[in-house]
Amino acid sequence: MFDALVTRARVKSPWVLHFDCGSCNGCDIETLACLTPMYDIERFGMINVGNPKHADVLLVTGTVNHRNKKVLQALYEEMPDPKVVIAIGACGLSGGVFRDAYNVVGGVDRVIPVDVYVPGCPARPEAIIDGVVAALGKLRQKAVPTAAGAGGNGRFHPRMKATGSS
Amino acid sequence: MKIALLTLAGLVLAPLAGGLLAGVDRKVTAWLQSRKGPPIIQPFYDLIKLFAKEKLAVNPWQVLCAWVYLMAAVFSVVLFFNQADLLLLFFVQAVGAVFLVMGALSVPSPYSQVGAQRELLQVLTYEPLLMLVFVGIYQVTGSFRISSVLDHPRPLLLELPLLYLVLTYALTIKLRKSPFDFSTSHHAHQELVRGVLTEYSGPFLGLVELAHWYETVLILGLCALFWATSVPGMAILLGATYFLELLVDNTMARMTWRWMLRYVWTVGLVLAFTNLLWLHL
Amino acid sequence: MSNLVLLLVVLPFVAAAAIYGLRAAALRSGLVMLTGGVLAVASVVLLARGLEHDFTGLPTAVLGVAWDTLITVADFALLGVILLWGLRRKSALVVLFTAAQLVLLAIFERFVLEPGPAFAPLYADSLSLILVLIISIVGSIICIYGLPYMRIHEEHLALRRSRQPEFFFYMILFLGAMNGLVLARNLLWFYFFFEVTTFCSFMLIQHDRTEEAIRNATRALWMNSLGGLAFLLGVVIAYGELGTIDMLAVVQSGSPTGVLLGALGLLAVAGFTKAAQLPFQSWLLGAMVAPTPVSALLHSSTMVKAGVYVVLRFAPAFAGTALSTGLALCGGFTFLACAALAIGQSNGKRILAYSTVSNLGLILACAGINTKAAFTAAVLLIVFHALSKGLLFLCVGSIEQEIGSRNVEDMRGLFHRMPRTAVITITGILSMLLPPFGVLVSKWLAIQAAAENIVVVTLVALGSALTVVYWARWAGLLMGSRKAGAPWESQPLLTRGALAVLCGAVVVLSLLTPVVYGELILPMFAAMPALDAAAPLEVGAGGVLGGPMGAFAVYPVFVVLVVGLLAAVLFMRRTGRTRYTHPYLSGIHVGERDAGVFRGPMNLPVTAELGNYYLATIFGEARLTRSANLAAIVLILLMMGLAMKGGVPS
Amino acid sequence: MARTVIPFGPQHPVLPEPIHLKLVVEDEIVQEAIPALGYVHRGLEMLAQKRDFHQMVQVVERICGICSMIHSLCYCQGIEEMMGIEVPRRARLLRTLWSELHRSHSHLLWLGLFADSFGFESLFMQLWRIRERILDLNEATAGNRVIVSVNVIGGVRAEISEEQQRWILGEMAGFERDMNRIRSTLLEDYTVKSRTVGKGVLTREMAYELGAAGPVLRGSGIAQDMRQLGYAAYGDLDFEPVVEAAGDAYARCKVRFGEVMQSIRLVRQILGELAKETDPALAAKVKGRPEGEVVCRVEQPRGECLYYLKGSGKPQLDRVRVRTPTFANVPPLLAMLPGVELADVPVLVLSIDPCISCTER
Amino acid sequence: MFRMTLNVLRNLFTPKATRLYPARVREPFAGYRGQLEIHIEDCIFCGLCARKCPALCIAVDIKTGKWECDPFACVYCGICADHCPTDALFFADRHRAPAEKHSLMSYTGQPPKKKEKSVAATAGSEAPANRKSAPAD
Amino acid sequence: MKEPVIDVTPAAVGNEVRQMKDAGWRLVGLSGAMVDDEQIDILYHFDKDLTLSHFRLRAPRTAPLPSISAVYSAAFLGENELQDLFAVRFENLVPDFKRTLYLEEEITTIPFATNVKAAEKKT
């Protein structure tokens, strides 16, 4: 019962941190547009928080480059468990058109584990909403920390990711 | 027995009312912005979720301070329900305010530091005003006890209209609404990230949220005292006041604390003083 | 009884002389501790013997010389010494004020004073007793704290020859003088002790003999000499009106005339100078150059209290007059202005100094309000302020000796380095501004008492809010995390003991507020028929201090907050599962968790420095002092004018 | 006084994009502001050596999702100039039309973010709600809301039917009404004005010397607008640069607001011209490979954008160099910051309408 | 402030602007480039799409008749469809759905030069992809 | 280019730029391009009343060049960018980001110089 309540609360209250990880702004403004009256993502209990410590969902737009990958990693680690990551746009998924530019590392999953990928260039707000809904499904699956112990589950080691495909 | 019952009522009803109010707040705000908005019980989801999150902190002091903040808020609500001394209640809530600031100062984070400094300036702004409101109540009823307000035959609003306005300033500051949401804002888009709350997360943020609900109830309770003679009058006053808060929140930019110090102190003091003066003469 | 007085007043004089002669540090320390212990015990015994003493059995002479004569001779000698110092320091003001006192005293004693009805020169009621307790207990603790402090202090200075004998000479001498002052009934005795405190203060401020110390000491001396002059003038005029130098007779004279009110006003001004009220605050701030035990003892816990004691003593005499209102305004204004000035300070001792002046202002405002509630507030404030402020000075002293700075910005995260002292300091600070501590109970009462006067209450309301600012930010920045395995702080036993005892006393006595009120303050009102009739408060069941205007539930607040705190500490202890992480630095933090370092421009590490707001453009000394002083002078003149104009028509 | 050092960004809720400012403040007055860039740098100019000059159109379009269409416009015009291609007039008119739609949606986006920078959330909501109209126009006419991808070398890829033209005209009326409703709040509200008037003043001389561009330059009283060069179809249209003299954040806001209204007028003119244009050709044929050097400028929403292109007869260009307006507006921003209040930092940063993805490419 | 008050009050009393996606889905505009699709049976494996694609995300193998596109790298610009000589490539007007895993659009068809063997083209599938398909950095 | 291009030498560029500034030209920006494997072109673009004019500074990439940030302070950004992309060196550049304006230490190559060569060798 208690766990069910917690899970329900989690799914109903995803606070998002939006990190522009070197996006061209296309995906970025579409993400921001989700907050605005036309799409009003707050319907789903979602609010945009400015700080990883308050966030449950990390929305990442843009290509990872050598400078911002450190920021991305740090933000991810500062988020309390359970958390999900949504990569948005061709850039966030793979690097998009810029994949072979010298300062581009690639998609978000080169640095942190990604739960949901939202394709598009830019991904339109509806797609982002779909992505969020999918992410909530993922969030539902993540273990209830009271049982699992919030110690270190889900923390990501880049080494693990380096070769494996998810 | 009565004390125990009232205490219990304060303990249980206040957070329910506070949470619900926060929900209504968000819904109405959304409507004012032509949005659909979250469900009314959204704040409860938020709170439960926060309590179920991983415990993350920078140092243990923060946690202590969050706790004391909550304790103080709860206790002041209990005092309110028990119709205690207004000044005492004021001091007890000040414990919370001070601990919130100290918690933010205990971490080496510039955002929470600047937030703490601003919070102090907010305290500096609203504390004297609140105190003068209480003095006004004393001047009318002859006592600082809430019970004597309830015994007063006429609504206080008729005698203290300007001080009620002053109280709404304090309310706006305490509710962290525009134009006074400097030290921490409900909206993410603020230069201080989340100001005093930046470093709180998960259950600890939950503590602070909960305390905030109690505080909201407390300060609205104070507003309610201004029409304590009838329940409908009270409800109308509170409803109108809160709606006005939302309207102001949605029709004003955030100002700066320098402006607040200048503006609220002068206007607030002039209003308060005028009202006190005519009571005195 | 008389033995107790001997112990309390004369013993320190003797002990001081002995200490001056002793060069062996161990012996000196022993003697200081012994004197302190004896004083503390004697004061408690005196209290245990009753709340009122008129010491009628006191011998009138010693070795065949009448006490009165002895005091007179000592008085002239003291004034002479001060005059010499004034000449040596080339201070025209000191010379002027002291010479004036000499002349005035000489004329008064030789030509004016006539033998009147005999009365015992000493007297104690519970107000005196409270002060005796503070002086003898808190004062002794501070002196004992001074032992290790001065050793380290002199190590830093690398003196060739220890100047500690002189230091402790004045410290102990001062204790005797203070006890004499608060026990004096004969106004000339009162005046003598008043001057001794002035002199001790002067000598102790210039103790380190730096240029700054000398300059500041001289300033303190002229200001206090002005106070002495005002005091003497007040006594003389009062004598002219009433024909007596019996303090009790003056206090109980009833329906004062304009001239007498003028005299009382002069006494109040004397109190202002000693309590460093605006515009005399500068000497107290300057006094912060002295070693910290001096600041703790003289400039916060005790000597400045002599100033408010004078005013409080005579307050019933002018209850209900315009002088009273003027006094309330002056006090309220100082409370507000010095609280504002404190915000602009980052020097810990100066914050404490301004806060002291500010709180003394509040006490004086209460004296001016002159009701029983206000009186109660004033006395409670004297007690709790002495404890808390004494404690805080000692804390700052220890911190300064450890970290080499008294700037609060340098105390950030002190908990890491000095966990015990940090916690004690935080407690001390909180005891100055939050319930359930005694200072707050006094403030609560003060506001209630002031509620009738909308100007004063506004001043108090604004002042209290300003107070929160400078205290809260200081307490907050002391917190911080302790890294695992960091060494526990080491501290001399006496230092640690002094801090712990004072801290404990603050907490315990706060809890006992209802008892203090019921047992010590309430009986005082019997002798004050001039004040309003009703008792301000009743001690209700469960430690609720209740009155017609409101109620302060002391025990319940205590219980709830203590339980809350314990719960919080338990919760903290249980946070084993908590993950400790970096502070939020926009995602670019680097290095250790608590270092607050980020990777800034050019990929270089940058420390995210933190700083309080001192708002120099609003609360800076440079901006406020002059206008505040001016306003204070106007207020004082107004008060004096009102006093002389508005005596109760006879 | 005590210093506080604030790492402002790269992740920061009021910064739409990752940049870092090391701010040193005392009592919240900024003493020093040092920027750090590079969080969006992709190195896409280098892709010119890996993509042929046609593919590069889509790459430069993605320099920025806000001004994307005008980037590709500038690039295409540069190549067209290099290769001597004559673009059909219809294509030029359509390019101008989409340019103006882009300008309005960019300005609306900015006005919203600007409102947000001083905590006026509901105004932000209103402005972004209005902006959706333009995005619908984009989507209906070009197949995407934001990155319209209409430019190709030699012309455009999409046509706007007559029915769509009528619809656009109708939308413009609604758009204009919405803007007029919001005008008094944005330009006359007491709280807005007290947060913007007199903040971050850039004198005429400073603006010129520091090389400011676009609304920042025009907000300081200099009437310079690249559209006056008459590229695409601007030569056929009637407009004057929007200029304000005060040089503060408010003036910049006023300029941008004025430009939205101007865009509405321009769109109407263009639609008038389009109705008259009979030649249905949308694009000219492209033959050969680009060779030579060319410098080409357009007016982006944020101001003058300059492309330097160099080709040597290979399918890949030797060099594509983009100097964007924000790049030019960063030095003026740094000049404005010292001495302002911390709370005004977001307002001033926003007041230059920073686009970091453009700046760093 | 007064005008804004009118504004927000109007909002309060008029229907909300919110489009209730996903409960209600708006009719897409004609020509919206939602997601790239292929009629593999029309493809002649000319490779033009792969050469023109600015994201370099299409791989065409005329020998094996394989047409592959990485939808995570595609920027939905439509250049490939513009150039496809047989119009095998086209856009569906619904945006591509979010995915939890990376997969390739992978289709096998009939290379034209070979002799016809099987009548129908093998239906395309979204095979789980190997991330190595992205160009090396 | 259809606009006038004036060739300048490293020694003269400071003076010439100052003359442009005195004549009321606004510095629009700097562009860099490799001419061959050693030589670099640095173009200075100036604008006055919507007309353009360019300076071309051709020099070996590895030789230190004079900074014009003392004349046009806003040039610091462009020059820092050129340092990053081409590893040229401008002397007396304030503030000098020392090739960290865009680049992290992970980028060990010179984007527009070494990379070009590497790419050419591959194809």
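As written, the chain order gives the labels A, B, C, D, E and F, with residue 1 at the start of each chain.
Criterion: a residue touches a chain if its C-beta (ideal position, glycine included) is under 8 Å from a C-beta of that chain, and two chains touch if they have at least 3 such contacts.
Bear in mind that the values here come from a model prediction, so they are computed numbers and not experimental data.
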(message) For chain C and chain E, which third chains touch each of them?
(response) A, B, D
(message) Please identify the chain with the largest separation between its CA centroid and the CA centroid of chain F.
(response) C
(message) Between B-D and C-D, which chain pair is linked by the larger number of C-beta contacts?
(response) B-D
(message) Can you work out the whole-Å distance between the CA centroids of chain B and chain C?
(response) 36
(message) What's the distance between the Cα centroids of chain A and chain F, rounded to whole Å?
(response) 39
(request) Take the average of all CA coordinates in chain B, do the same for chain F, and state the distance between these two points in whole angstrom. (result) 58
(request) With chain centres taken as the means of their Cα atoms, state the distance from chain D to chain F in Å. (result) 25
(request) Spell out, as numbers or ranges, the residues of chain C touching 2 or more other chains. (result) 577, 579, 581-582, 584-585, 587-588, 601-602, 608-613
(request) Pull out every residue in chain A that's touching 2 or more other chains. (result) 19, 36-38, 40, 43, 48-53, 67, 71, 75, 78, 80, 96-97, 100, 102-104, 121, 124, 150
(message) At least two partner chains per residue is the criterion; list those residues in chain F.
(response) 100, 102-104, 111, 115
(message) If we use the touch criterion from the header, which chain pairs count as touching?
(response) A-B, A-C, A-D, A-E, A-F, B-C, B-D, B-E, C-D, C-F, D-E, D-F
(request) Would you pull the chain C residues touching chain A in the complex into a rising list? (result) 577, 579, 581-582, 584, 587-589, 599
(request) Would you tell me which residues of chain A are touching chain F in their complex? (result) 66-67, 102-103
(request) In the complex, go through chain A and note every residue touching chain E. (result) 37-40, 43, 86, 90, 93-97, 99-100, 104-107, 109, 115-121, 123-127, 129-131, 133-134, 138, 165-166
(message) Per the contact definition, I'd like the list of chain A residues that touch chain C in the complex.
(response) 19, 51-53, 70-72, 74-75, 77-78, 80, 149-151
(request) Sort out for me which residues of chain F touch chain D in the complex. (result) 1-3, 21, 26-34, 43, 45, 47, 50, 52, 54, 72-74, 76-78, 85, 95, 100-104, 111-112, 115-116, 119
